[in-house]
Amino acid sequence: MEARKPKQLFIQGAISSSFIGDSIQKHSSRHDIGGHSIFLGQVRADQVDGKTVRAIEYTSYEDMALEKMHEIREAIFSKYDLSCLHVYHSLGTVEVGEICLFVFTSSAHRKAATEACSELVERIKAELPVWGKELFDNETHQWKINK
Amino acid sequence: MEARKPKQLFIQGAISSSFIGDSIQKHSSRHDIGGHSIFLGQVRADQVDGKTVRAIEYTSYEDMALEKMHEIREAIFSKYDLSCLHVYHSLGTVEVGEICLFVFTSSAHRKAATEACSELVERIKAELPVWGKELFDNETHQWKINK
Amino acid sequence: MNSEINIMVFGQLAELTGSTSVKVNLPEDTDSLKKLLLEQFPALVNYNFIIAVDKRTITENSNLYQGATIAILPPFSGG
Amino acid sequence: MNSEINIMVFGQLAELTGSTSVKVNLPEDTDSLKKLLLEQFPALVNYNFIIAVDKRTITENSNLYQGATIAILPPFSGG
């Protein structure tokens, strides 16, 4: 089998609900798929010392992130019996209530899609060189920390 | 707190990708949400003895299904720290490649949404009085069996 | 006095009985109902099915009463 | 011969250094690089950061070479 090429990973700004709907629609031609699992990260209006997060500004070491994502994809495809796998992450500013991460897995039987989706989210947060700067309503900021 | 009322569960025919996109969009006003987990069931063109499934026709004991779904919702809300929970299941005919089940959970932190979504899918398949009749391309049928 | 009641029949069981509802004389309890249905539809012995009374599945023998909502359900296969 | 190289600087580390890239004289290995950066930016001692060479994170001391792509990365916080 030919090696999979690095795929698009980054989207400028928020990921729209119509983009997500369209991605789902595209899979209707895949008659071997029985289940899809989707995770969406949404920007939360966290309160910190009386200030409220109004947006997160994402930056990345893009070249490295693309290579790492390619490596993660290959590992997940080897481990789970998946039909499809898509990951999109925002760069730039994403306002509260908007979507910043879209992970989408599909398989014949639900277990592979569900488990692969969870593992992908964990690996993306731990291994992709992406940074979130939380912008507060008073023009200050703090750097996001992943737990 | 007021008890939650039984909510709409059934959709006639397939669940469209635009319905799913719209449901996601509606949550952009909820600034306490940090993660959404979605499971979609899609009708698979399974092969059985040389015949191919072309659609599944769903029927239900609707009154009982609504009560059971209400009970499951209450149990899931008690067990997980969720912001939102939506479940839609098709009735009638759903063609291969179309969506027949849409489970959607949201929470501040991803773990609750992800675990609640998985548990919901298992409970829905095991406990809701819904039956799928697999229609083959040669006008015969067989009754679906959940594993 | 007429003590006939309707039993709702779902899924593949309705193919077997030829109808989505069958009439029986009200039995005393769910075990008796099961016996009665197996007499009326001997092929039912090849099927797994459960009885629901008032929209709750019955896991042990339960009394029946005039006005109860009774249904027989094959294994669920939603999703 | 000029042996200066560019180090890419990301996230909050770029706030500290005041730039998304800093020039240093090519050190022999990543441990020497770390020492050199801490001399140049003493406040770095308060930060966790890792070094990436040619887009791979470095987990043990590694030799550097002219032409290597070097970056310093604060803890990741995507998603």
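Per-chain residue numbering starts at 1, and chain names A, B, C and D are given in the order in which the chains are listed.
Criterion: a residue touches a chain if its C-beta (ideal position, glycine included) is under 8 Å from a C-beta of that chain, and two chains touch if they have at least 3 such contacts.
These figures come from a predicted structure and were not determined experimentally.
Taking the mean of C-alpha positions as each chain's centre, the chain lying farthest from the centre of chain B is D. Centre to centre, using the average C-alpha position, chain B and chain C are separated by 27 Å. Rounded to whole angstrom units, the spacing between the C-alpha centres of chain A and chain C is 49. Here the spacing of chain C and chain D, counted between their Cα centres, is 74 Å.
Counting partner chains per residue, chain B shows two or more touched chains at residues 41, 121. Residue numbers of chain C whose C-beta contacts span two or more other chains: none are found. Which chains touch which is summed up as A-B, A-D, B-C. Within the complex formed with chain B, the residues of chain A that make contact are 17-18, 20-22, 24-25, 27-45, 96-99, 106, 108, 110, 114, 118, 121.
Note for the complex: chain C touches chain B at residues 8, 10-12, 52, 55, 71, 73-79. Listed in rising order, the residues of chain A touching chain D in the complex are 41, 58-61, 63-64, 67-68, 89, 100-101, 121, 124-133, 143-146.
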